[in-house]
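Here is the structure we will look at, set down as structure tokens.
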Amino acid sequence: MNIGNSQWLAQETLRTHFATVRRQTLALTAGLSAEDCLLQSMPEASPVKWHLAHTTWFFETFVLARARADFRPYDESWRALFNSYYLGIGEPHARAQRGLLSRPSLQEVRTWRMHTDSLMQALLSTPQAPDLLELIALGLQHEQQHQELLLTDLKHHFWCNPLRPVYHAPPVGQATAPVPPTPPLQFAEQAGGLAELGHSGAGFGSVNEGFAFDNERPLHRIWLQPFALATRPVSNGEYLAFMRDGGYRRAALWLSDGWEAQQRAGWQAPLYWFRRDGQWWQFTLEGERPVRMEEPVCHVSHYEADAYARWAGARLPTEAEWEHAALESGTGVPAVEATRHPAPVREGDPQFFGAVWQWTQSAYLPYPGFRTSPGAVGEYNGKFMSGQMVLRGSSCATPTGHARASYRNFFAPGARWQFSGIRLARDVPVG
Amino acid sequence: MNIGNSQWLAQETLRTHFATVRRQTLALTAGLSAEDCLLQSMPEASPVKWHLAHTTWFFETFVLARARADFRPYDESWRALFNSYYLGIGEPHARAQRGLLSRPSLQEVRTWRMHTDSLMQALLSTPQAPDLLELIALGLQHEQQHQELLLTDLKHHFWCNPLRPVYHAPPVGQATAPVPPTPPLQFAEQAGGLAELGHSGAGFGSVNEGFAFDNERPLHRIWLQPFALATRPVSNGEYLAFMRDGGYRRAALWLSDGWEAQQRAGWQAPLYWFRRDGQWWQFTLEGERPVRMEEPVCHVSHYEADAYARWAGARLPTEAEWEHAALESGTGVPAVEATRHPAPVREGDPQFFGAVWQWTQSAYLPYPGFRTSPGAVGEYNGKFMSGQMVLRGSSCATPTGHARASYRNFFAPGARWQFSGIRLARDVPVG
Amino acid sequence: MNIGNSQWLAQETLRTHFATVRRQTLALTAGLSAEDCLLQSMPEASPVKWHLAHTTWFFETFVLARARADFRPYDESWRALFNSYYLGIGEPHARAQRGLLSRPSLQEVRTWRMHTDSLMQALLSTPQAPDLLELIALGLQHEQQHQELLLTDLKHHFWCNPLRPVYHAPPVGQATAPVPPTPPLQFAEQAGGLAELGHSGAGFGSVNEGFAFDNERPLHRIWLQPFALATRPVSNGEYLAFMRDGGYRRAALWLSDGWEAQQRAGWQAPLYWFRRDGQWWQFTLEGERPVRMEEPVCHVSHYEADAYARWAGARLPTEAEWEHAALESGTGVPAVEATRHPAPVREGDPQFFGAVWQWTQSAYLPYPGFRTSPGAVGEYNGKFMSGQMVLRGSSCATPTGHARASYRNFFAPGARWQFSGIRLARDVPVG
Amino acid sequence: MNIGNSQWLAQETLRTHFATVRRQTLALTAGLSAEDCLLQSMPEASPVKWHLAHTTWFFETFVLARARADFRPYDESWRALFNSYYLGIGEPHARAQRGLLSRPSLQEVRTWRMHTDSLMQALLSTPQAPDLLELIALGLQHEQQHQELLLTDLKHHFWCNPLRPVYHAPPVGQATAPVPPTPPLQFAEQAGGLAELGHSGAGFGSVNEGFAFDNERPLHRIWLQPFALATRPVSNGEYLAFMRDGGYRRAALWLSDGWEAQQRAGWQAPLYWFRRDGQWWQFTLEGERPVRMEEPVCHVSHYEADAYARWAGARLPTEAEWEHAALESGTGVPAVEATRHPAPVREGDPQFFGAVWQWTQSAYLPYPGFRTSPGAVGEYNGKFMSGQMVLRGSSCATPTGHARASYRNFFAPGARWQFSGIRLARDVPVG
């Protein structure tokens, strides 16, 4: 294939990026045993080993199988084992049974990764068609998503062990570093009016830059009423005030489904909080520690976020409001990446990115003009547009380079094991 | 209280309306036995007797208890029994156990209705404050909703009896009346642009005219992309083509949640359809009969509607598109009420009203600026704004005077026992 | 058919008995509304109307269909509706949906009863073969079982209504009648040795006298170790002492399955007990009243009975021990029938019969040499010989003439809605 | 402590036995990875690692903690983690979550085993009191039970992996060794009469010889009716005939609970059977292979065994019949231990031991005079005497030295993952 110079440079960048992202995934598992990597604490949370295998499967299935005439899967039987939910590829192995796969071993899965990476590097050494490169870019974004899921899932797996294993030890001295006090919560007003929502990227984006998922497209017009958005996320201390004010006992604060879910599950606090010696502690990837009041509250469901907002005399933002405000604030594409942390920390406001995903009041639905990609890869996002709520921003566990203002994360409203927090919004009366 | 003449006339109209609506509810139960009125086939479908009692409870609880200084409930213990979900009033009797209330008897519940109606008529004989009148208007709209629910619930109760009881016999000769053939499905284009959505009514509406629920308010601006809307609902014959084309077996047509729901429940056709002697029959309030291909398809879930639309190369409309098109078509407020039927019939297009509720692709969420009413009555609509989809229009079972373009009906996406059908929409490329 | 004089007399007795038993069933429903008769509070507890229909179904299906060459069912579609569990007859209507049959109405079911009774009386007016008479005798025993079930089921249905309907009012003055104090619990020793268990009846018994179910046969030898049996059932007061001693909180007292069942269901006291104003009350067929300490404890599961026995330093008897002791005490066939009561009462010891069914530690299993009857009626008892425990004696709700020492009642160990109580036993050291 | 010479010899024998049994357990895990040892495919089947830890926990908790004044648990937090169900020791870790314990690692658990073995050997080097030695003997019997469970559980874990891992490879040449044809099934008659059942062992047995669990005691008299017992277990070929004769589709063959269980679970064949290329295969610890018709059928539930027996015109034996016949046949204590195999094989009749556990028609209930041991170890057997059926004999996976005629194995009637098969019995008419 004959391609231009700039395109070749783009492909080279992608090739480097490929190596980096794949290495990062492995690096996340460095301190874990093969046993740790097999854990599955609930159907929604996959084993670490499965994440390693599934991300490899993605490149084998959607890139190599298409690019190479002589393609042979590394192991035919693994095609179903590590398929997540692409029914176009065949019937996937049952999600709830991913933790029962002691074979292939962690070592075999790692070997498969290396083998696949070699094939991919070879592929990227010769010019490839743009749509294949776009699939590779998609695969890397997919892998970054799983980097975060790997951590959120592992946190839940470890939480289910009464020994409460520590993922990585806190840095020396950190615990004693003083945390700046939380500034008072303020609301910044936005005038609203005719605005744009979404991403203009064509196809899967221009490979290396400007990537967006299909669900962020197309860029389209909307009309915004005037609104105000909080200048930072809600803190643990503020959430504790809600708890102490009977927040979990006052039905009037809750959506009907939320009240039911909360009563059934017996929620009394965010996930990973527990009482010890009369005070609230929390489990983090660095182990157990007292809840730090200044930090953004995390691991709350949409239902809890919504109830908190009602209690606070506010509401959750729509995803359009959030995106508009993030772009206006100039942090639409985070200029300086947040340092990644094992738990959300207080850093400079407005913390649109890098601390906690922020629940919106928007259901996860298609944008006007939304189109899925052809083929099985088209199952990526579209078929989940039912029963889920949009979260915006990014979290302490989101990989560098994976955040943008138009990004639409989504989970069921009762999910709590993601790094999900709360940003408030308010109506502004129309003058 | 001293009120003006026009206001007095309005109250008089309301008083007459009150008598009419209450009488209509009773009339619906005329042919039923006390045993029929006790049936509860699933938690979501209440007994007929419970509907009779709950609508009475509404007036007692929200109107009489507020209006009369000497108020005493008719029976203290019934306050919890016939409370649906207003936690502000106290803990309601369990919804799934409504069918276990042989006492109070149907006769006692009817007596309570008469007693309450007398008190209400007495109240309406002297001038009342506007906000109380608004609560009464709300109570009547509430009662009309339950008139339709009474029929949809009863249909499900009867369906669970292998004897398949008939609610009312078909009129003589009807079965032989020729049904006009379904015209080809067409799409009418709309230019979109800046538009308005919702209802401007203040409070609960101006009592007798211009009523709107809180969830239809406020009237607000939106931006619509160009779109096209089908000129009539999808017919049984068209839906059968989808079934015959493997619609229920092709995962690629379905939302992920829909596919799971469908597989788990074993859906193969709309609710109330069954096979007899090699052809499809359906159960209606007039009993069993062969499926009539020209009639609008009915008793499909949102998931089925969505899958059908994908199969047909179309999509479901948003609620904004639906409302805009209905208003444009001049049938925003149905000028001539549809004749009510025990099942949807083919009548003059576009059948925005009077045949089947039409699933949209919009989740049931608050409009910008939405406010609930103060007090327990504020639980009416707002707390259900999670996990449900909007239906628009009205059905063959909707009472006269209860349909309008801004009306937002809502049910969980898997619900099938309402008179719910399908209207298709399409994107129109922006010139 | 030519039959002897004595046999004809026996048939005449049966004919009279038939009329009596059938009338008694109807009499039990005298004060109930059609709505009351439709209630079904759980799958295990059938509606009263269903009991009326099913007992009629039994005679139609197993007697009339066999006896009459020109047999036609009263209504073909009712054959499945009122079949309980005889798969040999066809697929029965789902047990959990018996409460959804508003049609046929109570009145229609009563008419069917009368019609069937006429046919049966006609049949019994001419000489019939012994095996048919045995089926009729079986049908009457079956009907008597349902007389008791009708009451236990109704009690549970009414319990689920917060209004707590009263089945029949207590007789004037009863409440003030002094109850004699409970005598101290004593144990009567039995020497054991070679003994007989069961019933010698051939076929279904000699029609009118000496009836026994198949599960009581054959009479067979057993070896009994020496044992001692309590001279009366455990009282409410004694059971309360167990409760106050932490009986429901001490796992060591419970069978493993029992502890799980109890924790899951949250049992704290016998079924139908509740707290009011600081004391224990109970719901009876005569309504609510304080627990009477002298009366036999009732509505406990096998698990609770077993835990109580362990707490009391005793154990439950085996069914062989119970039967042996009952026969020894001379009350094997109750000479004087207990007066029937809406709740167990204290009467003359040893109360083997007429107060509460008594849980044994014997699983419900076939006796050596057990044979089921041929045909569908053979499903009567044998197929339930798994997962259930035997209860012996009879209760306050057992019809007159339906008690005998060899009678084997059986329920799942977690069942509590029968009139089930506790009689203790102890080992006696071998000399 | 001063003890006699013979007692010292007995203790020495126990010390050697201790080393042997503990080594055998480890040997079973030799070919497994740490990942394999973490698998838990259902709540009833524990991870291999958990078995290793729990058997160690038993000695630490019931022996070392009692024997040593300076006792300190190896790790305080493991006391709850590896407690199975002894509520007297404290609240055990949830059974269904045993597979979530990646920590402690397999290596740590092995180290703990070695450490505990050292302490135990030291203890057994000085004279100990008889009751402590009895606890040690109990611990070794307990460990042998877990040796079999380790294999049955592992087989189920591996079955849930579509790759179907092989536990150990079949020996060279085995597959080609001709299997002798199954001789015709015959029944050997027993006269019955007064007999003895159970075991006379005092306490936990005389330490090394004559051990019996509490549930086998006391030895007591029973009366047996004449009966006949099959001279060998039912074969795969015979069971296949039942399947082909519609055994799984004929309700009349099944206990009511069995029919329900079977319909709900969709059983069509024994567990581990599957269809491949038109014939039946089975999964074994040696991998997949065609079903061998001559071998004893295995992995059937009590319900299936019971239905098969009814189909064959026979019944299951009582445990008393089984024990009596096994003793009569001279194989009451297997003289020559069966060679252990990864699956049941055909060897010399009557195969009371060494092939498959044999379901009886006896519920697992206390013998007359049964007493539990004092303290938490008393929870060993007694509290499970509800809802389970007795199996007799031993299987291909039972360790050498762990079989005896009085042994009472027990499982819920629906359990299929044990090596459980069928031996038929028949009534013999009393002459």
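Residue numbering begins at 1 within each chain, and the chains themselves are lettered A, B, C and D in the order written.
The definition used in the following text is that contacts are C-beta pairs under 8 Å (C-beta built on N, C-alpha and C of every residue); 3 or more make two chains touch, one makes a residue touch a chain.
Just so you know, these numbers come straight off a predicted model, no measurement behind them.
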Using the touch definition up top, find the fewest steps from subunit A to subunit C.
-> 2
Based on which chains touch which, give the shortest step count from subunit B to subunit D.
-> 2
Report the inter-chain centroid distance for subunit B and subunit C in whole angstrom, where each centroid is the mean of the CA atoms.
-> 47
CA centroid of subunit A to CA centroid of subunit B, Å = 38
Multi-chain contacts in subunit D: which residues touch at least two other chains?
-> none
May I ask you to sort the chain touch graph into line, ring, star, complete or other?
-> ring
For subunit A, which residues count as touching subunit B in their complex?
-> 85, 87-88, 194, 220-223, 225, 227, 251-252, 254-259, 302-303, 306, 315, 318, 361-363, 365-366, 368-369, 379, 383-387, 413, 427
Residues on subunit D engaged by subunit A in the complex (per definition of touch) = 33-36, 38-39, 41, 77, 80-81, 93, 97, 99-106, 157, 160-163, 165
